[in-house]
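The two complexes that follow have chain A in common; it is paired with chain B in the first and with chain C in the second.
This part shows the complex of A and B:
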């Protein structure tokens, strides 16, 4: 083989490293194209049909979507999602940030405390749901505990109260994710230059003021990531609802994900389930695509 | 410094700051401690409840220490807790999940390592697009693929089986494993691969003898990540398997929500603890790697 030849032979191209890279990546690429993009499209197609127990490819236009947005149960699920997402994100961000700042004050046993805050992330949502269901159970749980202490009129029946059930999900989800948010903020805080604190101190600024007007603005990208991650997590929450309330009482604590599962696998309303899945997907795309775009751009800028 | 300044009383403001600082420390430790209780509470209640007899649960309080601790609930949870009339306990489902988790962890990890290497150590046209296409797979809304995947598994004759579930976890694990390895290999200088090439090493040899040994830490992270997500998975399990084939979390949910007569809360809690134990142990013994995966898996796209 001549290395002088400006044109590589076919054989050289085929045995070159770029070809081998393609060879390695091709299966994953094709599988992803099929099971991610292809399947999402397939779901879109199903949502435009009148399928019930089995897919039936008759085109009925956007009928399923019209039906979906008229359904009370879907409305409740969507309202619940926003209640859940805003409270869950708000609480996790505030508590996670405060805990991170406190832990960053050179406290004793920092490692132990951090591990305790983070361990819920290693537990499945099903287990979390079961634990909280037991504690929130009015007959034997926290309500009884407080009543036994003498507060006979104490009432904590969120789990069986249709108006409050969604807040039990907020509570359990917060319990699971708060430590994780703390860890992300802590990593961000550790990236802040210690010299900065010294300089601000010399200028006579107090700690709260340093955090509020110097450190927090520097953490803006971290806030952005945390909120996107939590929003995404709220959108896909499913297991926790199943094990904690199973959407009940009635369907008062349904979320779009549990709605989708119920209609698709429980009621044999395939097309309606698909339409709800498409709504979820569109929301995810609206959040994730700009996020990935900004991340990749950021990475390129750093690479330069 | 002269005697006059030493003798003068401490300025008022200094006293206030000292007091304020003390108060600040107290507030910091108090808050941290309250949250320690908040996070440990459910675990404590689960463990104590799982060691009580059902009478003691009914008569005692939620946070009481078991007066006559018994491991009977754990034995029942393992070998004879019931789902409907099927009283096998968690053990067969525990084994199901081990049978599931080994291939569903190792296959995507191996492929992901190769992918990450190919995406970073070799330059070829279209590289970034290929990565972007795979990367988006990490954010697949699983609701949008449940119906087609169920159809496909049906066509393949894998409906309701563990092998079908393995396939599902393998294909949806690939974007994550690829992303982890790609983000690791991108920081490895490309001179290394070039040097190996000049020394006559081939594409796969360079991977095997230069890159793979180097990627050991990230491999541990990926294996732990994949293991934890599969062990804790519920959605795929409940959608694609049924009956005796379900993985542990589905079985756990079935045991806890099968309502015949009075709820055996102690057995429920013991079952939950048994199901949570493997991932908790991973957290205790390899917490560093677990946390690293957690951060890399969600913070970085």
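This part shows the complex of A and C:
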């Protein structure tokens, strides 16, 4: 993941304060405070002004937010985000789990298969986006391939269809994350005591029943982590959209992140872009904070 | 309640044979203990009875019906696992009920069965807790409850006490024994702990590398070990095994053991039931239990022989004092009375001649002695592994 473990940092600062270790952390701490939190604050300030190409500090209250939520393009971006996030998370979790369960049945060449599924994770989103853009290009990729095979009426033009473009992003993101999800679930499955399966078999349960009634409930914390990680990935995804559809056709596949970029840097609507950025940040905080809270609580409970 | 028969059972992984020619019979209400060190195949054998481990050949019968082709659930068995294998996300109640739910037992009947088991095991107060909130002993009870609720023909226990601390283990051992006495069920119990085996079993199967070494009652296993392996495995400390030679003098059979000093020690024994097995001068192994060696003032015994030995080490344990002797270069352990003041140095001991066993040097098999089973319970079944 791109973030460092923020839990460790916070804990170390708190518990290590009287010792000298905090001195070592001080430069990082200062830079983080200024560059991350300082500019988050600055963005909030700008979002309350009427800045256009350059920042201007005339406070106009929440006017920018009112304007934002009235804008069609923002509505589409938000709707797209829900479509994208729910489908992307749903597909990745289901497929990742199924793959992990299959791979946990003591298959041969497990390491090879696992590496193959994990490999997309090593590629940057830009590359994924471009590769899928070529494959999905009707005149270049899958559509052309199938037509060349003789099925002349075959049509697969999601990339240039405003109604379907968002689903191409789902497809590419799912392809990239599925193996990662599988790896996390596989680690969780490996932690399940083999004697549980034996006990359940003696109780008369078949494999589907064993997984459904016993193993999946045990994986609850894993589900939780996976969903939070994927949700956060969905919310911040930007490079994939830029390289795959660039929000197009028109702005039919915009997400809040591309909206923010377009307004801030493309159209000289600094305050409007800032307002959208604040919305994204607040959504991320709403998801991450409860997660971190529960994780820290869990850790404390275990430490005792 | 049923009898269990295992007939010439083999199991191998490729060329590696893990169970060889296993023949075991457990009568109705038998507490059969499979005893052996780790890797001896005892757990694999239990898994084969449960249907969790496929077998290569042979037959397993429960109540006279072959179960080899049946799924574990259809064998009418219940099993208690070493790790307890409780379903962690379910409450104790659901853990016990799971098997019945799978079989489609009606809720009313399930509740009745759970109440019955909860009363037997005194876990009524725990029914709504999760396994994670229970102590080791409580988990153990719940695991037994899950087995009990099925009222199976045969109960299988796979080292059920090895995850408990020493004190709790003794308590749970007693509980299992009480439970067995109340249920008079047929039980197969796997353990590597000889004390568990001796205290619980009505019949012990001693195993080593997939081969049965001896089958018999705890008395037989202890008193008449079939071979040097069993003799060295059972007992704590185990039987002393000392190299010796058979001698004959004036019509008496003597066992010649290296003694302290230059003179060998001669102990008159009743000798083999069949004298031709051990002609004059045959090397044998003499087996003497630590309690068969003691100080002259400790016990009054008819057939004893004096031996002189050098005391190397004295280890008091409270109830007994274990004395390590040097007898002609062999290390021999004697169990003495804790009040007997002993110091390192030369000392005279008595050996109970009736307690001396002899074993064949090359095969390690026990050699039956003349008149030995007088006063001993008749041998019910002492089938020895061949090879």
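As a convention for this text, the second predicted complex is superposed on the first by the 285 of 304 C-alpha atoms of A that agree within 3 Å, B and C clash if a C-alpha of one lies under 4 Å from a C-alpha of the other, contacts with A are read in each partner's own complex, and residues count from 1 in each chain.
Keep this in mind: a contact is a pair of C-beta atoms (placed from the backbone, for glycine too) under 8 Å apart; a residue touches a chain by one contact, two chains touch by 3 or more.
Note that the coordinates shown come from a computational prediction; the quantities given were computed from them, not determined experimentally.
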Overlay on chain A: chain C relative to chain B, clash or fit: fit
Touching partner for A:22 - first (chain B), second (chain C), both, neither: first
Touching partner for A:50 - first (chain B), second (chain C), both, neither: neither
Chain B versus chain C as contact partner of A:220, first or second or both or neither: second
Which of chain B and chain C A:202 touches, first, second, both or neither: second
Chain C versus chain B, contacts on chain A by residue: B
Touched partner set for A:193, first chain B, second chain C, both or neither: second
Which superposed partner A:103 touches (first chain B, second chain C, both, neither): first
Smallest separation of CA atoms, chain C relative to chain B, angstrom: 5
Complex contacts: residues of chain A adjacent to chain C: 193, 195-196, 198-205, 209, 213-214, 217-218, 220
Touching residues (chain side chain B, partner chain A) in the complex: 24, 28-29, 31-32, 35-36, 38-43, 45-46, 49, 57-58, 61-63, 111, 114-115, 117-119, 122-125, 130, 132-137, 139-149, 151, 171-172, 174-175, 178, 197, 203-204, 228, 231-235, 238-239, 249, 252-253, 256-257, 265, 268-269, 272, 275-276, 279-280, 282-283, 287, 290-291, 294-295, 298-301
Contact set on chain A toward chain B in their complex: 17-18, 20-22, 24-25, 27-29, 31-33, 35-40, 42-43, 46, 55, 95, 98-99, 102-103, 105, 107, 113, 115-128, 130-132, 134-135, 140-142, 144-145, 148, 175, 178-180, 183-184, 187, 207, 225, 229, 232, 235-236, 238-239, 242-243, 246, 256-257, 260-261, 264-265, 270, 273-274, 276-278, 280-281, 284, 288, 291-292, 295-296
Contacting residues of chain C [partner chain A, same complex]: 47, 50, 52, 71-73, 77-79, 81-83, 85-90, 98-99, 102-103, 146
